[in-house]
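We call the chains A, B and C, going by the order they appear; numbering starts again at 1 in every chain.
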Amino acid sequence: MRRATSHGRFDYRKSWHKFSRNYVSVVGLGVVLLVAFLAIFASYVTLYPSHAEFYVNFPEAREPPNWAHLFGTDQFGRDVLTRIVFGFRYSLMMAIVVLSLVVAPGVVLGLVAGYYRGGKVDMAIMRTADIFLAVPPLVLALSICSVLTPSVFNAMMAVSLMWWPWYTRLVYSIASSLRNEAFVQAAEIAGASPFHIIFREILPNCLGPILTKMTLDAGWVILIGASLSFVGLGAQPPTPDLGTMVSDGAKLLPEQWWISIFPALTIVLVILGFNLLGDGVRDMFSAETV
Amino acid sequence: MRMSTFVLKRLSYTVFVLFGLSILIFIIARVLPGDPARLALGPRAPDWAVENLRQQLRLNEPLYIQYFYWLRDALSGSLGVSLVTRRDVMVDIQEFLPATVELIVLAALLDMALAIPIGMVAGRRANSWFDNVVRVLSYVGVAVPAFVVAIIFILVFGFMLNIAPSIGRISPNIVAPPTVTGLITIDSLISGNMVAFFDAVAHLILPALALSLGLIAQEARITRSSVVENLNKDYILSTVSHGVPERLLTLKYLLKPSLIPTVSVMGLDMASLIGNAFLVELIFNWPGVSRYGITAMLRKDLNAIVAVVMIAGIIFAIANIAVDLIVAYLDPRIRMIERAA
Amino acid sequence: MAEQLLEVNDLCVNYKVYEGLLRVLNGVSLSVGSKEKVGIIGESGCGKTTTMKAVMRILATNAIVPNGTIAYKGSDLLKLGRQELMRLHRTSMSMIFQDPTAALNPVFKVGEQLKDIVRYSEFTSNAPNRQEVRTKAVELLKSAALPEPERILDSYPFQLSGGMRQRICIAMSLASAKDLLIADEPGTSLDVTIEDQIMRLLKQIVEDRGLSVILISHSIGAVKGFVTKLYVMYAGTMIEEAPTDELFSNPVHPYTQNLLKAVPKLTGGGVPEGIAGRIPSYLTIGDGCRFASRCRSAKESCHVHAPPAFDIGNGHRVACFHYGDI
């Protein structure tokens, strides 16, 4: 899938064809779009928008799923379905913020390290990345969050702080292997500046894997966010976060199972959606096969 | 390159990285919280007590001095005092580590024992009902986080079906074997106490399965697609054309190359395993070092947090080296590349 | 006609792919007699390897054989049970693959692979001891003209040169080829000088052991000095068949005529000297003559009906309606 140059118009129809060849990718796209839609229009779409944050109504608490409350109510009487939909906001926000902060610096570092492969720059960047990656991501996220005041914002910052090396590594491996290909050397001989080579020659060849990874990462970032709030180090009550809902509900198992199971299943659905979508994105960038 | 040189190189690099990690986590634990002493004593403690603690923890000194003292203490076996247990963190770790090691090792074993055969069979019988079921299940399985699996397990097994016990490492009415390694399973085998052994395994099985289910799903899928791809490779067709019996073909000539992508991904999967252990131990109330770590993180027990992160890093590093060794054993070309590098 | 060792009759092979069905082989027929040397020439992608893989019954998992028979020593290979087939593989027929690097398992030592083949081919009944197997393996490597056979047994394929790998593949085939040897473009991926050595080795082996051979080749020169009967394939069809000399002196099919006029080395995508067009896509191919789209003498009927093989005497057959006019 390496091309000497990717100049030329992006063929939308062909890309869509490649993407939609596997219908599950379209399903993934549908799920993601649905989640986004629900998150944006949560106030208008849900039946009990006031239940989202602080709300107490003990007579209606702990109701099993019924027609008025499709996913039942929690221990405070709040509609679970409504809270899940509002919870999407925090999940998506996490994904968007973290990826926005992380991708650009991570990619640039990887490009630079790959281009100056073997030199001191390479060593400095990649060794640092290796140090961040020496400990499982969830552990690092938990530890950073633990020394800060628990909040959604701090959780996002913590995850951003430790997520960048993945992109650096990904881009580094592509960039360093392309570094010695003919088209790069041709550009060097022609007098192109390193800036040009890195961003106009090498980067376009990384776009496919980067975009694929970003799509899949959205799911994983949401998962880490949910894990952090599950433990209590992320979103704090009464914020409707999927992770906090699962952990609150876990205390009430098994009698009021719906309070934790529905948010848990929703997490699975969101991750699955991004996984399917990510596969489609990968197909979109793959080379033609007969 | 000889194996020994390879291992030595990796080990020295690992030590370097772990040093870097210790610096990183040290900075995180000292710089980010603002005032660790205030954090430890709480907002209502008097200023003089806070200042006392600051002196004690050498917080007024430059960062590198602090690190030096920490490192010196760590290498002589002391990791600072835990705010929660009031003991040296090293003692806490020694108490809780075996439970986590048991859990992680069993999860990894389950992972390999299930993912590889399932993947191989699915690949050999591509497009059969078995294969289709495996493909769908594995797709979904990857998306289910370990803590969700854990919760569902507790719900289903613990309450609905009342099968495997959910609390602790062994049932209260069983006599624990004398401690040799701290690993109840091994200790009970050493002392011949089979009742305790099976009881311990029964307690281990649910959390280990919760940890490994997602990994099994992913690795079965990778093995399956690797097998399907290799089945049409010339070297397999050639072996068939020479009349080598099917069992030998599958279990030797197909298995080895198909394992390579799977084992390669196991390194990263170990990261998931270790990370998820923190949540799963919490849910199952498993008395391991991860649960200890979570408690430390919630109570801002800085010394313990630093120690637990280092432990996680060390376990992960060991797992990675093991994975790399296995891959190098499986694929001789890797050894050549190492030499050329 | 004397009883043939191998007789392929009207073989059709399709491959099932995501886009649909690749109808590759379209009624291929060929025959090889005892101790007879037969050659197949044709462009890349014309189905030569597929035919041979069908004979060896090692087609890819997505292959379908809707039609045809492959008679070997009397029995139809396509209907043969696993045990019988395995017996034939071990003792009677074998194939040398086109790319020796791809044909050797990269994660096992050469000795390991060779010894396993030897164990089941040479010592079919009793369990041999390790020394016997190793001795036999060394012997096989020597008969493929490999120096230092002991060292080679302990090496991995990637540690050896392309020429050596080709000879190892030949050695492996010798273990199980008592009657029929199929050689798929041996030496194609190697230097010309090495290729020449390989061809000479093959020639000598075939002579010494009295084997029947099917030689697939690009190189008309190599084929000329080796085989007694030649088949020409195009787009999954046998378009011409004749004794070697007859074919060279009197090519009848328009494709063969152009082929022989051109530079001897064929590469995919068309013959340099002017046959316009390319091999049609197997996905969308029609029922007519498969060469019709590129044939200067094609008539309307050619695009609709596929020509059968016409016998024009002298052991010469052509799949073209207009063989008389050309």
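A few notes on this one:
By definition in this document, a residue touches a chain if its C-beta (ideal position, glycine included) is under 8 Å from a C-beta of that chain, and two chains touch if they have at least 3 such contacts.
All of these numbers come straight from a predicted model, not from anything done at the bench.
Ranked by the number of C-beta pairs in contact, the top chain pair here is A-B.
Centroid analysis (C-alpha atoms only) places C farthest from subunit A.
Centre to centre, using the average C-alpha position, subunit A and subunit C are separated by 52 Å.
Centres computed as Cα averages put subunit A at a distance of 23 Å from subunit B. Residues 126, 228, 231-246, 248, 252-253, 256-257, 260, 330-333, 336 of subunit B are the ones that touch subunit C when the two sit in their complex. Every residue of subunit C that touches subunit B in the complex is listed here, in rising order: 53, 56, 58, 60-61, 82, 86-91, 94-95, 97, 99, 102-108, 113, 116-117, 120-121, 156, 158-159, 169, 172-173, 175-176. Taken together, the subunit A residues at the contact with subunit B in this complex read 127-128, 130-132, 134-140, 142-148, 219, 223, 226-227, 230-233, 246, 250, 253-254, 257, 260-261, 264-265, 267-269, 271-272, 275.
By the touch criterion stated above, subunit B contacts subunit A in their complex at residues 16-18, 20-21, 24-25, 28-29, 32-33, 39, 139-140, 142-145, 147-148, 151-152, 154-155, 158-160, 270-272, 274-276, 278-279, 282-283, 293-294, 296-298, 300, 302, 305, 308-309, 312-313, 316-317.
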